[in-house]
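Taking it in order: structure first as structure tokens, then the write-up.
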Amino acid sequence: EDVKLGVFLGFTGPLESLVANMAPGAETAITEVSESGKFMGGSTVTAVRADTTCIDSAAATAAAERLITSDKVSGIVGGDCSGVTTAALTNVALPNGMVMISPSATSPALSTVEDNGLFFRTAPSDARQGVVMSDIIMDRGFKEVALTYTNNDYGKGLADAFQAAFEAAGGKVTISTPHEDGKADYSAEVGALQSAGGEILVVAGYLDQGGKGIIQASLDTDAFDTFVLPDGMVGDALPEAIGDDLNGSFGQAPGSDSEGAGKLVEMAGDAYNATSPFSAESYDAAALIMLAMQAANSTDPAAYKEKVMDVANAPGEKILPGELGKALDILAAGGEIDYVGASNVELIGAGESAGNYREIEIKDAALSTVGYR
Amino acid sequence: MTMNRNVLYFGIMAVLLIIVGQFQSWNLSLSILNLCLISAIMALGVNIQWGYAGLFNVGIMGFAALGGLAAVLISMPPVPAAWAAGGGGVLLSALAGAATIVGCIVAYAKLPKGGIRTAIIVAIGVIGFFIMRGIFVPATDAIESVDAAKTGYLGGLGLPVILAWPVGGLLAGGVAWVIGKITLGLRSDYLAIATLGISEIIVAVMKNEDWMTRGVKNVNGLSRPVPYEIDLQQALWFQNLCETLGQDVVTFSSIFVKLCYAGLFLIVLLAIFWLSERALKSPWGRMMRAIRDNEISANAMGKNVTARHLQVFVLGSMVVGIAGAMLTTLDGQLTPASYQPLRFTFLIWVMVIVGGSGNNMGAVLGGFVVWFFWVEAEPIGIWLMDTLTSGMAEDSGLRAHLLDSAAHMRLMTMGVILLLVLRFSPRGLLPEKTGHH
Amino acid sequence: MELLNALILMANFVLVPALAYGSQLALGALGVTLIYGILRFSNFAHGDTMAFGTMAVILFTWWFQSMGINLGPLPTALLALPFGIAICAGFVLATDKLVYKFYRQQRAAPVIYVIASVGVMFVLNGIVRFIIGPDDQAFADGERFIVRARSFKEWTGLEEGLTIKVSQGITVITAVLVVAALFWFLNRTRTGKSMRAFSDNEDLALLSGINPDKVVMVTWIIAAALATIAGTLYGLDKSFKPFTYFQLLLPIFAAAIVGGLGNPLGAIAGGYVIAFSEIMVTYAYKKFVGYLAPGDWSPDSLLQLLGTNYKFSVSFVILLLVLLLRPTGLFKGKSV
Amino acid sequence: MSFLIGENMTGGYGGADILHDCTIAADQGEIAVIVGPNGAGKSTAMKAVFGMLNIHTGRVMLDGEDITALTPQARVAKGMAFVPQTSNVFPTMSVEENLEMGAFLRRDNIQETIDQVYELFPILGDKRRQNAGELSGGQRQQVAVGRALMTQPKVLMLDEPTAGVSPIVMDELFDRIIEVARTGISILMVEQNARQALDIADKGYVLVQGRNRYTDTGQALMNNPDVRKSFLGG
Amino acid sequence: MIKVDNLSKRFGGFYAVNGATLNIATGSITGLIGPNGAGKTTLFNVIAGVHAPTGGTVMLDGEDITGLSPHTLFHKGLLRTFQIAHEFSTMTVRENLMMVPGDQAGERLWDAWFKPNLVRAEELELRKKADEVIEFLEISHVADELAGNLSGGQKKLLELGRTMMVDAKIVFLDEVGAGVNRTLLNTIGDAILRLNQERGYTFCMIEHDMNFIGRLCDPVICMAEGAVLAEGTIDEIKANEHVIEAYLGTGLKNKEAKA
């Protein structure tokens, strides 16, 4: 039997370059499982790509529709952006009883969305990240920050969460201003941010989008020299592109002490960049679906949706990327696993990642991990 | 001849949808159909403006967004806590704004012309603006902090969402009236960029005024004019129905829902089509064509060109607004960030031109054809790449690259289709019939 | 001292960036305005043509870099520019032959060209992403700064710094030169005049012995050159990413329209109007006023007229105001 | 055989034929005038001679050479010039630039010719910097004729050059045309101011419904009562 | 009927009309002549509301109509034709005529939608009228042709035909004769006379054909450089030295030499 999984990400549109590393992440897991020969008594798994466009709900809905009703997938990895994910979930997945595990939709609103237990995410809600980021900044002794966010549900949600946490802890946000991604010029934003003042600049954006533009322009004009980088900004591409000037900037991204992330990077090799944001989460999302199927011994979403939390959390044997074959064996034998994966998956609440964060700092124009929270 | 063409093209369209139904799925086919219907309505709206009157409105996106806004304002339940926190303030600031405008108008009318008048008007405007903002900003801050993750806005009226369709039309029409008053003196591409700009402004407001629309946090869970699949799946009569039809309950429930939507949309489409067609074929349509052809001359022949432009601008925008409200209803959510000119303005224009501007049938056909390929271009692109690369070695770099690029082939496929249609029938698939009366 | 600080602050955050951004828009708008002026349609594929040309330049730049050829302090891309222009021109001419020529023969309405250009835009979109991918590409090298804020502060002892990037300098100079050249070309040379004649009255141009094919060809070549130059300079200053080039289309059109379509001077003026209005209206004047105000007093509020989230809207409001006063733009553009 | 001749031309704009076996010709130094009712096909015949319209039968000869297949530009290069009846100026170019465009193919100094045109139509000299689109109807017509004169052609074809010009300018124009013809240039002209035109014409054609109805010398046509009554307004 | 008082119109720094003062008597056929660029068309354009005047007033039957828009003036019975034909080129000749009458029920959306019978009856009426005009202008064979495909002269005829579709008070004709066959022009002249006598139209016409002017017009006004140069009967005008110098000229010089 051949099982199909939908890889439902924004292959075109404003996040296309992030997705270039997310989709292979998910597909790595799929190939791994498929080639192990141990999945549900020797079934193979294939990935079917579909484009969310990240922004066009109608197109995303149609694509999800196609995945479920025409390609007959048994589970969906995706979507990527919170907006289209919500649309596809409520309009298509829910009525059709399809499981969706999103690697990257982090909007706090998704925690409470009505989902009949069909929706999970391997990314934590931004409500949590806001608190973590606030702690990190406070711990480093900064009391006054300027804040800019990418103007979408992710950026806004994260910025709100952060501002609330930071102000509750006694800090001051001098200005909170959105920026649009993919725009031609960010001089206006940088001018306003600099004028408002602040010791450092928090950039809740995307590293290859407006976020990078803002940082570049800030450095060029010497508006700020230290930046706080939340998940969407953490990736090798940024220090690579900007160089030594970024040294001293810090931030956090979902992730944990696990060796999982490193493993995935090894597995990815040169084919894609597994340290790119949400690449690891994509691998995990795909893995979780297949492991849950194995545990339920069924590809019927109604059956395996119950197993997702079980395989993701303790008790059981810890599973890292590259060990999916082992996990399948254990599950087939009726054993239990605690999937750790590339992003140290721990599902809480309504099925979202608990939110382990890796604190990073830029040193010598490269990311380095300085701790975990 | 044209009759045959109509039948032929719509026949082909039907066959395409059936093929999708048979080979992909009926669910997909129906959801394409639903979007086709909505697109057709939008295309009709644009056709009324461009095809009838030659108004180059590139602000479709804004009017569609206003329709979407109406859906939220009509159907979402009100948020009492938010109203308590800042509802009064918002109303008050609206009053202040209105008072400022009235003040300016009165000053303009009553005072003698000259520098002093200008100064006073500016003063009233500036002071009024700051008073308004002084009330407005704290009120909206208060509203937005009411459970921001879930609400943080005033909510709507909690009425049945279907009411939002006409209201969306009225809202879009009202705004169009104001815009038209300001911009309709502009010609061709100047009007185009002005309307484009205004539509960007409308969307920017929807994206940033969280107290009204939740901004980029989106409004989810709009109510529906048709039953929910989950409810159907549980309803006894529906299960029986499925049994008699020999259908799977889950699949058929979503098919059923889509059919309900399709029915509603079709009714709206037919009504608007009938009205448009009737108008076009009447002396009113002849007058509009004359205006489109030569404004100076039409004006000299006693036609009030400005008034007619405004009329047709408002009507067309209303139609787009209705379609916008329908679309948001179908989506079940309002995501202001999804209003992108490419999708909501250019694509609609492509529909009108590919279909045949000036011809209502053409606009409808354009809506169908273009939406169909907009959605199906992706699988077509992938299929194309697969076929192209099937001869290559499994591990060839080029093959991987080609397959990776398949998704981008969507735009490309779309472009190629567009260019081919325009090449082989430059005036659209169903060209306007000129010289007919 | 305080006054100097205030001035440098404005220069650093308003004047220099707006000049550079304005010039970038102007260079893009020149291409749009030229096509409109001569071939009489709004070319929506221009943004993607810029991306295509820049892509060609980048590929050559990489090649030169790999061979160790460079221009010292100047970016290698400048060396690659002529090659990029040649490729882009070739491509654009092919497009004309395959797409637009047919409509010219048909004497199609301008809107048909516009929509055809949307089709070309889609196709170009795909081609560029296909060849170079959707990602950011770095290709700038050489010296980055003419003046750097930190060094500036050290030299002058002022609190505020001033940055001028090499790319900004090149952009502004190029924009001015290109406009002057284009203006001279269109109004003073035989070929330039014949192009205007063609745009005015095609039939009569034929009757004057003007070769329409040549006019069209020259127009496209210049447009391709402009697109490539604009795209490359923009890419050097910011970054190259295909999607951004598509997004550039809107402000570019706004600039061309504010200035008056078909008029090169208008394109420049329009570029600056859009850039300055975006930046000045949304700038927070808090710090500026703080420097000027006596003593240590500084305002509490940001003194920002409108949030930067409305910066795009601001430029469109300005555009509207300009059009209401001058319906065909600052410099009396054409309208078809 | 005449210097310029459109022989047995039959053709139209794609629909039904407009011209039927129509022949018009002018010899060197000769003024040939075409008259006829509105819609008779006079302008169409001119366009056919200039290659702006496909004729499926018949041919056009210039100086003994068959030029039927040449494009309009190529005919300009061969020394033909044409003033169309409508939209015959470049509206957003200045008067002077309009004239320069007339001399587009010339490589010699054109200033002298420009001065001659200004002498002929003094008003144009005054308005040399003004855009042609802003001129009055009659002034425009003068620009159009001036533009054609700039070519220094061997054959000059004028489609109603005097429509809308004042009597004094019309006289100047006809005077000039006679002068031009005297230098050996062939002139082919459509006119509704038919009597004045036939008065100076060596040869006249009356075209009706795309066919030659009468062909004779200018004087003979003027004296033909049928022609006078039906086509020259009595 | 029309009183133009000290009217002026400036383009840039140039006065195209410069203090023109004239009267058009009710029931007259007033001729307007003058050298090219004298400002005749501009004068028409200002009177008909196409351009706003720089100064001066225009009265229609004692009512100040300065600066009113063309469509308002149309409904007051003031019609005009254009020197450069402004036909609706993508509509047929018949449609060009049928669209003219104002206040058609079918031009109101509500009636167009919901009162088809009313509209149909009205259309029949209009069509009949249009066909009469077409017949009269001898363009029946092109009645269903697109107006854009007409010959230059035919367009001029259509231009005139449009004024015949309604009951006008005063009609401004800008060189209807230019490019029109002289035999047909005589017929048109007859029609103008008939409209003038039978229906009481007042005409004001710009023309360069002195025979035509002479046959129809009394009085004749000659403009030059934006102002009125002379006014009188045709014979007075023809004899006026200023007019001869500026406008009429003294005939061909080269003719004899040629013969």
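Some points to look at:
Per-chain numbering from 1; labels A, B, C, D and E assigned in written order.
Rule of thumb we're sticking to: a contact is a pair of C-beta atoms (placed from the backbone, for glycine too) under 8 Å apart; a residue touches a chain by one contact, two chains touch by 3 or more.
Model, not experiment: these values are computed from the prediction.
Chains touching both chain B and chain E: none.
Centroid distances built from C-alpha atoms place D farthest away from chain B. The pair with more inter-chain C-beta contacts, choosing from C-D and A-B, is A-B. Of all chains, the one whose Cα centroid sits at the greatest distance from that of chain E is A. Centre-to-centre separation between chain A and chain E, using Cα means, comes to 74 Å. Note on chain placement: the centre of chain B and the centre of chain D lie 54 Å apart, centres being C-alpha means.
For this pair, chain C with chain E, the centres built from the Cα atoms lie 49 Å apart. Centroids of chain A and chain C (each the mean of its C-alpha atoms) stand 35 Å apart.
For chain A, the set of residues touching two or more other chains reads 12, 16, 20, 151, 178. Residue positions 207-208, 408, 410-411 of chain B each touch two or more of the other chains. Touching pairs of chains, sorted by label, consist of A-B, A-C, B-C, B-E, C-D, D-E. Note for the complex: chain D touches chain C at residues 50, 52, 71-73, 76-77, 81-82, 84, 87-93, 97, 100-102, 104-105, 147, 151. Across the complex, chain C meets chain D through its residues 190, 193-194, 196-197, 200-201, 203-211, 334.
The touching residues of chain C, counted against chain A in their complex, run 9, 12-14, 17-18, 21, 24-25, 129, 133-136, 138, 145, 148-150, 153, 161, 163, 165, 234, 238-239, 241, 243-244, 247-248, 251, 275, 278-279, 282-288, 302, 304, 307-309, 311-312.
Put simply, chain E touches chain B in their complex at residues 48, 50, 69-71, 74-75, 79-80, 82, 86-92, 94-96, 98-100, 102, 104-109, 112-113, 119, 122-123, 144-146, 162. Across the complex, chain C is touched by residues 50, 56, 182-183, 185-190, 192-194, 196-198, 200-201, 204-205, 207-208, 341-342, 346, 349-350, 353-354, 357, 405, 408-416, 418-419, 422-423, 426-427 of chain B.
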